[in-house]
Amino acid sequence: MEAIDPDYLPIPGNVLPRFAGIPSFMRLKPVALDDAGAVEIGLIGVPFDTATSNRPGTRHGPRQLRDLSTMIRLVNQATRIAPFHLARCADLGDCPVNPVSMESSAERIAGFYEQVKAKGILPLSAGGDHFVSLPILRGLVGLDGPVGMVHIDAHSDLYPPYFGGFDSHGTPFRRAIEEGLLDPKRVVQIGLRGTSIDMSDVAFGEAHGVRMIMIEEFRALGVDAVMAEARAIVGDGPTYVSFDIDAIDPSQAPGTGTPEVGGIFVHEAQAMIRQLIGLEVIGADLVEVSPPFDATGNTAWVGVNLMFELLCVLADKVRRSR
Amino acid sequence: MEAIDPDYLPIPGNVLPRFAGIPSFMRLKPVALDDAGAVEIGLIGVPFDTATSNRPGTRHGPRQLRDLSTMIRLVNQATRIAPFHLARCADLGDCPVNPVSMESSAERIAGFYEQVKAKGILPLSAGGDHFVSLPILRGLVGLDGPVGMVHIDAHSDLYPPYFGGFDSHGTPFRRAIEEGLLDPKRVVQIGLRGTSIDMSDVAFGEAHGVRMIMIEEFRALGVDAVMAEARAIVGDGPTYVSFDIDAIDPSQAPGTGTPEVGGIFVHEAQAMIRQLIGLEVIGADLVEVSPPFDATGNTAWVGVNLMFELLCVLADKVRRSR
Amino acid sequence: MEAIDPDYLPIPGNVLPRFAGIPSFMRLKPVALDDAGAVEIGLIGVPFDTATSNRPGTRHGPRQLRDLSTMIRLVNQATRIAPFHLARCADLGDCPVNPVSMESSAERIAGFYEQVKAKGILPLSAGGDHFVSLPILRGLVGLDGPVGMVHIDAHSDLYPPYFGGFDSHGTPFRRAIEEGLLDPKRVVQIGLRGTSIDMSDVAFGEAHGVRMIMIEEFRALGVDAVMAEARAIVGDGPTYVSFDIDAIDPSQAPGTGTPEVGGIFVHEAQAMIRQLIGLEVIGADLVEVSPPFDATGNTAWVGVNLMFELLCVLADKVRRSR
Amino acid sequence: MEAIDPDYLPIPGNVLPRFAGIPSFMRLKPVALDDAGAVEIGLIGVPFDTATSNRPGTRHGPRQLRDLSTMIRLVNQATRIAPFHLARCADLGDCPVNPVSMESSAERIAGFYEQVKAKGILPLSAGGDHFVSLPILRGLVGLDGPVGMVHIDAHSDLYPPYFGGFDSHGTPFRRAIEEGLLDPKRVVQIGLRGTSIDMSDVAFGEAHGVRMIMIEEFRALGVDAVMAEARAIVGDGPTYVSFDIDAIDPSQAPGTGTPEVGGIFVHEAQAMIRQLIGLEVIGADLVEVSPPFDATGNTAWVGVNLMFELLCVLADKVRRSR
Amino acid sequence: MEAIDPDYLPIPGNVLPRFAGIPSFMRLKPVALDDAGAVEIGLIGVPFDTATSNRPGTRHGPRQLRDLSTMIRLVNQATRIAPFHLARCADLGDCPVNPVSMESSAERIAGFYEQVKAKGILPLSAGGDHFVSLPILRGLVGLDGPVGMVHIDAHSDLYPPYFGGFDSHGTPFRRAIEEGLLDPKRVVQIGLRGTSIDMSDVAFGEAHGVRMIMIEEFRALGVDAVMAEARAIVGDGPTYVSFDIDAIDPSQAPGTGTPEVGGIFVHEAQAMIRQLIGLEVIGADLVEVSPPFDATGNTAWVGVNLMFELLCVLADKVRRSR
Amino acid sequence: MEAIDPDYLPIPGNVLPRFAGIPSFMRLKPVALDDAGAVEIGLIGVPFDTATSNRPGTRHGPRQLRDLSTMIRLVNQATRIAPFHLARCADLGDCPVNPVSMESSAERIAGFYEQVKAKGILPLSAGGDHFVSLPILRGLVGLDGPVGMVHIDAHSDLYPPYFGGFDSHGTPFRRAIEEGLLDPKRVVQIGLRGTSIDMSDVAFGEAHGVRMIMIEEFRALGVDAVMAEARAIVGDGPTYVSFDIDAIDPSQAPGTGTPEVGGIFVHEAQAMIRQLIGLEVIGADLVEVSPPFDATGNTAWVGVNLMFELLCVLADKVRRSR
């Protein structure tokens, strides 16, 4: 394997053991956004959880994900993709936020991703609660929109405003559709489940043409059929990928704020993401890892493995566009 | 959705966030048994574990189940059943017990359930160790018996007396058969597994006509075939449902006293309970959640989701009988 | 011992074991604020943590405190005070909050405490993060102010605005002084420690006449001398008591968002609160218990014991004013 | 250092690392009671918790104590006592119990200790809940009684019958006084604290002449004065020592069923036990370690260190009587 | 059921409850190797982890496995094999190791297993890290080699020397092939997955004829086809079985040093081992259980259940050779 | 406050919240040793635990310490020292080690510290197990030796070779004395306690003139007297400071491999280190934090606070030498 630029390769475990060193994402070089001109894929933390309706803690997600990510090596054994050899990857640090203000944080996040976009960097983001996908899309899509989305989650996040008028981590994609950032007919949601308040999110999604695949339908169809349909829905237009860790069964990912039992298993999720290779992905996120609810780091370990799969999708896109 | 009586609806999360408030079962109104004349389905805790042979702690089960149950919302997305709109449900509090006496507790529990029965309330009980199903059946069935039972568990609980003559949480259904509370030919047990002392429980079950489905047979037949057979076995006579959380794989439900590896997955259990809709269910329990062995509450979260599925079965029965 | 009104006594452990039952504060009767005309002391949860700058989770505090509080019995063995026999106490439930808005929550909290005050109820509040003391004081003091305060904490909470203009859980008492709710010359802070950003809070406090007792001075003077001075500072005017659990050494109270090592020991804190008996206390709070950072409940157990000591202070005041 | 009999020395850590091997108490030779003719001090587990009124789990205490005890070495650095060189010590295994019957267990335990006594073995017991001290005393004292007792505990365990007539882990010493096993005038209790139901235990104790030292008096007098008084109270008659781990502050010993904040610190407890050297101790126990409430083993580590101090007291007595 | 020799049966739970007693493997009699002339199957701990490249702690594995193993009973309900009735089994204690020296430990371990072999005992070993399989094979195979191996693991452990020339827990089977202990053409590896450094282990394996079954191929083929192929590969020659707990999905076995997500489920692993019955197995190990990364014991509980399945394979071989 | 060089100040919490960002020690700039010409104090991790005799895990110490260290601010409120304003401090990353070889690691560590010394950087090191102090001293003292040492620890680490000839984390200072790196007459050890194998370490220390202060003598003398003596012993010659976290009471620092109950309290340790100001300190370390035994991070939080106190001592020395 020959890397594009050895400077962007992770520190090998044979030089510094994997438990050692200051933990950046996947042991990549930390690069400030201002110095990131050469970076093709940027791994970014968005440590924000002030839009959380239930159990908080995802502000601590990026750090725990970085910690566990140091166990990630170079080659995806299932696909043989070696992402760090296909694209110049770097850890761009954490996006600025204001922990006591959703509005102020939304502006800071959107501004950061505008710069990411301006530099031509493909972002792979780590939340934070799911609200962060909204300002990310604002920065990344902006006036170019709308884009399509493959959305893997236990919840649709198409809920109406919270507490009579507020945004929350349950509303981002309703807002993104309303703001013209997402084309609802090119949005597919997979893994929805759990008890519902009143099915109003489903009504909104169906009214706008979002394809919503409940977990029971997912099990009935199987991974391959579901992903074939997902690829058909988003087609070859620009597509965002958003993966909420609560899509995964709580036995494998307990560290999240709104777990729902009976979820997708990790090996299924790996297979799902691998089938996104070839799409015109403009960025991806992995959100809702909440370390206080899983101090063992097991949830984050699942999370960074899924981030690695997403990275392979992004790196393959860089390869194709080279 | 229109409720039968708004007074019996859970407190909405948009009025009081789900982490707030004194935690009753599913945020239902706490009602003392004496005042429960209008209640159709009663959620009841039975905090007793003095019959436990191995690891104790299920006395703390009802409280942890209540805590986690506040994340349950209104509609079952898989079946579209909205149980609180079908039947007047309430939290009847915890049944009286004496923590240092199995005999005294058995009397108190049976007495409580006699009253529940007398008031025409369908009970959904939360253990406690599995011994409590015996006094519950004594109170609920009494001289009317015997009834059928769908029993999902890792263990048959048909074991001979413990320590040379004592009841335990391994003996309730042998005793219930001996006492004429259960009709063994209308009893089906699903999910049995783990190492056995001497197979004497299986011998007892087979001798009395109990249908015992080991986990290997369960996997070979699949959920649909197993549940079709279960429905055929209990038929349209009165039927009790007893769900021991240790039926579930320990990765999803570690907080229990006698875990057995290689268990039923939660999504399978959800599908199983949904296939009980239509039976003449006279009550149900979810037992053996032991919080000290899972302080995270993940086991209880599985438990209350299964209780919600059981509640849908009971609520649908109320609907049909209206 | 004879109670004023048996209806306001906790449920005895000999009737329902302490691990059983729906957990209200100290097993007291839950009473809605609208029905609380006869209540003299109200125990109130304030499940809000959206002003937290560091580790969140105190929104879950009231529930865990209620859970552990069921182990509290009737008599303070050190002082022989039996608070439930001196005053009619009740659990008034959780104060309304909006988890995604500090401003909206501040209004809701202040409004709730205006009613508490209007009904002549002495409030004993359980946080939530320390920001909640500000709206509590707004409701409780209002235009009558200012009042004095005994403030036991690792931090002064007199910090300047956060992130260039925002309130946080580090600013409530600076704001309360600015708003005329607190008389800084009648405020004493005990237990301050930890690293400081720039000592600007100390400068503010000293400039306004707040007596700030660092932990080193506390250890040099001893509990008795410190509390004698504290009593002298607040004198016989109306006085609020605010106890931040992070005043306690983290070995005894790890479950909090901003722990500082080298803190006050619990037996010292118990002795400190007992020396507040006789003051004109208008209310008290115990804040910053964060269950996700101590799933064992040990921190909450410390917290409810300190709440019990505060309750004795309040109950003795009711007794004196009878 | 020369041992009386090398066969009774613990396995050295330089031969088999301390984390290795089947864990007996302090790495001593396991000896069945029938073969224990040469044993002078027997370490015995009593894994019983069915008399527990609150949080169970102490049935798992002996095993966790054995696990942690393998870190204990040979010499007490404070006193220079090397107990294994003074007396033949062995692990006599766990006393027989019946987990579902207090009565049956009480008989089995008393019978076991009768044999221990008959063989002239000094027992150092590890609970189990505090109820076990009653059958231990029945077996050990029997008709020879009464004996004196140094009792270090947060609770007096002199409470009246539980639930209207039952024994519990709160009643053993009231019963032991009633049965003539303990001479109340030669009983001293140290460390009492926490909230009380109605002070009836104190009334009983005072009426019978038990010296009860509350934690506040303990702090005022200091360890030396308290222990001088304790020695004077029990004098040179036969004396039992009972140490409830909940005497220790919960920060140091959280793993117990009824923790009370503001407790004795471990270094104080060590000093206290060292001052028992020279008394006519007939046996000792360390009870109420509940592993499910401290999976880290930290509580058990405190427990076995206190057991080692107790062992030094017993071994010194063997030395003196040789 | 009639045992060959009652002296080699586990202590029944009806005589001493399962949580009681000094915990030997499966409650079998502890027998020193020197006294093990009559033993047919020896359960042995190898508490060594100094070859671990990532997270340590497996030195504590044997003790935690012993602790949990006391919940194992007598009969395998799936196969009806009762291993303790087929062969004389005993706990041979822990193999000697030197925790600070890989070389010294390798010698001690090899020496121990030479004696095990000399006595004709079939060993069932519990690690320790996977390096221990190398000295076990040296002792067990020695100059008789090479043998075949069924190897279930997330990693091939065929990696090149670590840190430029050192052995580690990632190198044992490369070394075993180089030393002529294993016949690579009779080695099958199942469950391989996770990110790879450079695929050099796969290159080595393929070059030597090792059959390597990645997890994706495992899922595509299914348990039955995979095991049929495995049996064909090892044939009827002497065969070792090595089971690394990290083969199991981390949700079911988090307590290990190098977890890889998307693993084999326990019920699949049970079925896999059952299909080894009939092979000429010369010994087996279960390695890499690391208690510090799963204090709950859930991983060890999985581990001992798999050890029980392996024991059934070994016992059946003893039966056949009788 | 004015910094010497703003580039060496920690990232403020008002710019990036403390839970955000890639965690370097105290949020200082990461600087590679080769680029560290301007650095005056270097914070260095030494992630090595292969010399551990008991419970491993300290290899993970530096990372957890870095994680928690992001909560450290700028000013020591007790002494008003602002270390980052007195000296240019940086995070020099982790020292190279080989996890499977003590010898190889010792060489790498010594080589790294030779360079640190050559650049005139004062090192503040974070272990790792206590063995690392030996190669640190080899690098830092070398042929210039011997130096004095203030050693705060539960253990003397003067033990004879382990397992008949090996170094371990119990032998470093015996070796350092033998190698002429330490002047035993200028070595003071404080806090020694726990059971002893045979007192041979004490014999060695006393024979060489080391002043060994057991915990009982420490308590009898008090912090001030002990530290006055310590300062007198080391005098004004070059002095190393080594702080083993197991000196602290296990209730405050459970996350360590060989805890000993009855230890120094953190507030005492803070006061002790503050009394080292003015000594000719050539470096300091804080060792034996083992994250797997305290996943909460509480131990590491104590550790980094003590590191901050040590940093103040070092920074004050830089100030004086300017």
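As written, the chains take the letters A, B, C, D, E and F, and residue 1 is the first residue of each chain.
Note that a contact is a pair of C-beta atoms (placed from the backbone, for glycine too) under 8 Å apart; a residue touches a chain by one contact, two chains touch by 3 or more.
Quick caveat, the model's predicted, so the values are computed rather than measured.
Novice: Where subunit A and subunit E touch, do the two copies share over half of their residue numbers, giving same, or under half, giving different?
Specialist: Mostly different residues form this interface, as fewer than half of the numbers used are common to both chains.
Novice: Going by C-alpha centroids, which chain is farthest from subunit F? Tell me that one.
Specialist: B
Novice: Pick out the pair in C-D, A-C or D-E whose interface repeats that of D-F, meaning over half of the contact pairs match by residue number.
Specialist: C-D
Novice: I'd like to verify one number: the distance from the centre of subunit C to the centre of subunit F, where each centre is the average of its C-alpha atoms, in whole angstrom.
Specialist: From the centre of subunit C to the centre of subunit F is 38 Å.
Novice: If you average the Cα atoms of subunit A and of subunit D to get two centres, how far apart are those centres in Å?
Specialist: 56
Novice: Could you check subunit A for residues that touch two or more other chains and list them?
Specialist: If we look for residues of subunit A contacting two or more partner chains, we find 17, 19, 53, 55, 59-60, 99, 162-163, 249, 251-252, 293, 296.
Novice: Please give all chain pairs that are in touch with each other.
Specialist: A-B, A-C, A-E, A-F, B-C, B-D, B-E, C-D, C-F, D-E, D-F, E-F
Novice: In the complex, go through subunit A and note every residue touching subunit B.
Specialist: So the residues of subunit A touching subunit B come out as 53-55, 162-164, 192-199, 202, 214-216, 219, 249-252, 254, 258-259, 261-263, 293-294.
Novice: Please give the residue numbers of subunit B that touch subunit C in the complex, ascending.
Specialist: Contact set of subunit B toward subunit C: 15-17, 19-24, 30, 45, 47, 59-60, 62-63, 66-67, 91, 93-94, 96-97, 99, 295-296.
Novice: Looking at the complex, which residues from subunit F come into contact with subunit C?
Specialist: The contact residues of subunit F facing subunit C are 1, 12-14, 17-19, 71-78, 80, 249, 251-252, 265-267, 270, 296, 298, 301-302, 305, 308.
Novice: Contact residues on subunit D for subunit B in the complex?
Specialist: 49-53, 55-57, 59-60, 98-102, 104, 162-163, 166-168, 292-293
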